[in-house]
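Next come two complexes, and both contain chain A; in the first it sits with chain B, in the second with chain C.
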Partner chain A sequence: MPMRILTAVLRTIRNSPRLAIGLAILLVMVLIAVLSPLIVKGIGGSTDPLELAAYERWLVPGPGHLLGTDQFGRDVLAMVVSALSVSLQIGAIAGVISTVVGVVVAFVAGYKGGWIDGILSTFTGILLVIPTFPLLIALSAYAKNVSLFQVGVMISIFSWPFAAKTIRSQVLSLRSRPYVDLARVTKARDLEIITTELLPNLLPFIGVGFASSALGAIFGLVGLEVIGLGPGGVIDLGQIIFTAISTGALTLGAWPMFVVPIALLTLLFAALNMVNIGLEEVYNPRLRGVAGE
Partner chain B sequence: MKSELELRGVQQRFHARGVASGYITAVDDVSFTLAAKPPQVVSLVGQSGSGKSTIARNVLGLQKPTAGSVLYGGKDIFKLSRAEYDAYRRDVQPVFQDPYAIFNPFYRVDRVLWKALKKFGLTKSRSKGLELIEESLRAVRLEPENVLGRYPHQLSGGQRQRIMLARVHMLRPSFIIADEPVSMLDAQVRKHFLDILLDFQREHAMTTLFITHDLSTVYYLGGEVMVINKGQIVERGPVSTVMHEPSHPYTKLLLDSIPQPDPDARWTSRISVDELEERADAKAAPAPEAPIL
Partner chain C sequence: MTAEAPPEEAADRTQDSAPSPGVRAWMARHPLAAYAVRRFGLYLVELWGALTIAFFFFRLMPGDPIQTLIQSLQQNYIYNAQASAEIIARYRSEFGLDGNIFSQYLKYMEKLILHGDLGPSLISYPTPAQDVILRALPWTIGLLGIAAVLSWIFGLALGAVAGWRRGKLGSRILTNLSIALSHVPFFFVALILVYVFAYTLGWLPARSAYDSNISPGFDLAFIGSLLKYGLLPGLSIVLIGTFGWILSTRMLMVPVLGEDYLVYAEAKGLKPWRILTRYALRNCYLPQVTAFGISLGFIFNGNVLVEQLFNYPGLGTTLVTAIQQLDFNTILGVTDIAIFSVLTAVLLLDLVLPLLDPRVKYWK
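After this line comes the complex of A and B, so read on.
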């Protein structure tokens, strides 16, 4: 079974260059994020480049500091690297939470049907139409000194309904397939049918759900940071952009503070979307450009 | 054990919009008994939408009838104890219509057979299991090496449908509920399939409920036949009697709707379906419509 999934994944990747490129970019970013403590150490040598007044303030990009320093004398390259790791973390936290919640809700609603489906779908629908961002602003204004994890949870409250909605409709169409009936006359229980008959066929949809919630969370946090309402104690890409704007870094020649985080976010956005589109292309025959399998 | 499958006043309604009464009656007060001894073939004939498949789903316990009951060994199949339920599942097995949708595309075709072995506790040892599977595949005239380890899309419709027969052969149920099993097979494979069913009846004492819209297969199988129209059984009896001296106008309509394979007997006369159906309706006992809602 694990081998089966692995070969299926490899075959999928081979069939879609878009998916392959997207995954490659993501992989590089994740690697940088995972290795960020080492990279930061390498940049700073004996001093911590993220320490206040580690270097002189507002140094322009040069050999010593590839991206210059900020208003407190911190190395911008080191800041960007560790901020990337924070942004990816928030994406992973919110992505996992909203995917798990979305999948559970979708399977319960879609498979059980009836009044359970009615209640869950109505609730999902209500959450979907609530304007998310103003609520997030209100929430973070109330919650001072929230941790990264708490922000992740807050963001996922609003992002799971998207995943739930799309997966539920797939469950609805899959649960009346003859192979589900066959499993039932072979004495399979509901949970077994869901996990072994339905879930494997829904992996691409779950992947798409995860990618879009992760993306939503990263940009949600950037949005909060840009207006100055983020979790305390951590620097993410949005916060660097916020500092660059509020200190007028561009006028001081410290353009990398503004440009580099935005470029990274754009690249991340492009990569995740390529994965999304790639997955859809592979599993939705109508979108297939060339004849696939 | 005295095993007998009995339908007693089974009625199945579905909610439907745009119908004056708010529901449609797919199966209307159907009663019949299938005896395991002596093994027999009972055909259920009717046009699309006449309620044939719904009866199959009722008998298989996939759909709980709105009224009436399905009895196995004298007990309602939806109120069986655990041991009785196991016996019922083992004893009543289906062959479904669509040989394509019956396999989960995610798995190899062997899984259907292994699952049946495992769930019904036929054997614990893997080598014995493989032996049983190969024996059953040969019984339906398939070469194990040609089908084992393959994915559903790599096999033809006839091969797939025979794998379902191999599954039945392995489980040796007293009753096979075959819901249009040959409607998607070509003529040659069809005869092959019917011969295997007749073999099962002779050699393994299996009783088949053969559901079809095709009178020529009914004729080939022989045995008893029941004609269903608009959810009601309008005529029943031995195949030879019903085919040669149909007493109900609907049966006559069905028989008239088959073109004669005779070059001199051109199929020129127009059959007015409406008129014949009206006559059939008029003759059918006016069922008292007692709305339950």
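After this line comes the complex of A and C, so read on.
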């Protein structure tokens, strides 16, 4: 079984260079994140490069400090590397939670239909029209000192409806397929049909849901931080951008402090979007070649 | 997307409540009117639900706005009298913060629906929150509206060309660029633009909406200043927004290009330009107009940060200021306006679309 899944994944990737590039970029970023403690150690040598006043303040990029240092004399490269790891973790936590909630809601609504679907879909629809940003800001008032996991949970409260909406429409179209009817005729139970017949066919769309929730979560947190309302103690890429703006890195010409985090996040968003479109292309034959060859 | 789901739900609900035979017969005779009524009913339910969720959400936020108000009054007016319990109670009732949360909710909804009153604001007390919002609204509509229209036009044009010349190198580069960049936050682009054009080169101003030395008025100097100050924030939105529209237009274009009537048009000897604009692009208009309407409703969401960065006096900046000072009425008011505009945009499109496109049919 694992072999079968692996070969299926490999075949999918071979069919879509876009998906392959997106996944490759993600993989490299995850690797950097996993190795970030080692990288940070490598940069600092005997001193901790993230320590306040580890070096001189506002050093320009040079051989010693590839990206210079910030207002507290910390090495920007080391900061960026460890912040990337935090950003990815937030995205992963929020992505997993909102995908799970979204999948459960979508399956209950789409498979059961009727009034349950009516209520759940109206509720999802209502949540979708409330602008997320003010709500997130309100939530941040609770979150002065919270752990990384709690931040992830907080953000996923608002990102699950997107996942639910995408997956529900797919459940609706799969529900009436002949093989589902066949399973129903053979007296398979609902849960059995959902796990063995529907879920495997929905994996790519669940992947899409995960990628977009992760994207939304990371951006949501960056947004909060940029206006100075980020949770304390969580230093991700957005926090570095905020520090750069608030300490006047713009006027001091300390460009690496905001250009590098922005470039990394842009790359991350691009990779997630490539995965999204790649998956849809591969599994939605109507779109094949439509989004680009 | 939103256009398809709600009518089914509306249909479900009407079936559940089992209308009397007379109503059913009337609905059968007037499908369009029945659809409109159902759709409007759903609109009201969604509006009520969203406003209610928003209300309770913000009321459960920690922090006491009355204390903040009294502090700021003391600072501003050297208001030396200690805030007595009586004064606090008066402010509480004025801000609609007295009584339990349900009576607060009923009072808030009553004032909102019957009088369009959002309660007094804190950031410029005693101006009502709706006045604060109305003052900021033209800036947001002006900046974001123009930027949204421009990115839609550019995106449609470039997307059509990208679809028309699909497979060609230029088109492929454009498509891939759009995929990579369409989800980049406007704010990032804005930050880079500010750094390059305002701080490094010093060509354009970095903050505010117009030169404070020029008095606002309908003259060339003021409009020139508006354009100069709006260029950077506008550009950052247009740049990224265009990529999104390129992608969706191209996705709509490509299937149309395979249709028989295009082959026929070509066989008739029509010029390619005419085929592109009159035959192919026309079929992408409608979905894109719909999408544009929906995006106008959501436009506020992604642009708070851009306004905040440029200190543009629009809704986004107002929202951030309101949050920093715990101004519940204004925060909730801005949220309510965003909810109202999204739902109304979607409603209008759902109602108008069947009239514009004979293929769109929601009712049975």
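Simple rule for what comes next: the second predicted complex is superposed on the first by the 285 of 293 C-alpha atoms of A that agree within 3 Å, B and C clash if a C-alpha of one lies under 4 Å from a C-alpha of the other, contacts with A are read in each partner's own complex, and residues count from 1 in each chain.
One rule holds for everything that comes next: a contact is a pair of C-beta atoms (placed from the backbone, for glycine too) under 8 Å apart; a residue touches a chain by one contact, two chains touch by 3 or more.
Keep in mind the model is a prediction, meaning the values are calculated, not measured.
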| item | value |
| --- | --- |
| Fit or clash between chain C and chain B when superposed on chain A | fit |
| Which of chain B and chain C A:Pro200 touches, first, second, both or neither | first |
| Contacts of A:Leu229 with chain B and chain C, given as first, second, both or neither | second |
| Chain C versus chain B, contacts on chain A by residue | C |
| Vertex chain A angle, Cα centres of chain C and chain B, expressed to the nearest 10 degrees | 90 |
| Which superposed partner A:Leu182 touches (first chain B, second chain C, both, neither) | first |
| Nearest Cα pair across chain B and chain C, whole Å | 5 |
| Shared chain A contacts, counted only where both chain B and chain C touch the same residue | none |
| Chain B - residues contacting chain A, complex | 57, 60-62, 86, 89, 92-94, 96-98, 101-107, 112, 115-116, 119-120 |
| Complex contacts: residues of chain A adjacent to chain C | 18, 114-115, 117-118, 121-123, 125-127, 129-135, 137-138, 141-142, 165, 169, 215, 219, 222-223, 226-227, 229, 241, 245, 250-251, 253, 255, 258-259, 262, 265-266, 269-270, 272-274, 277, 286-287, 289-293 |
| Parts of chain A lying in touch with chain B, wherever the complex brings them together | 4, 8, 177-179, 181-188, 197, 200-201 |
| Parts of chain C lying in touch with chain A, wherever the complex brings them together | 2, 5-6, 9, 12-13, 16, 42, 45-46, 49-50, 53-54, 57-58, 61-63, 166-167, 172, 175-176, 179-185, 187-188, 191-192, 194-195, 199-200, 247, 250-251, 254-255, 297-298, 300-301, 304-305, 308-309, 319-320, 323, 331, 334-335, 338-339, 342-343, 346 |
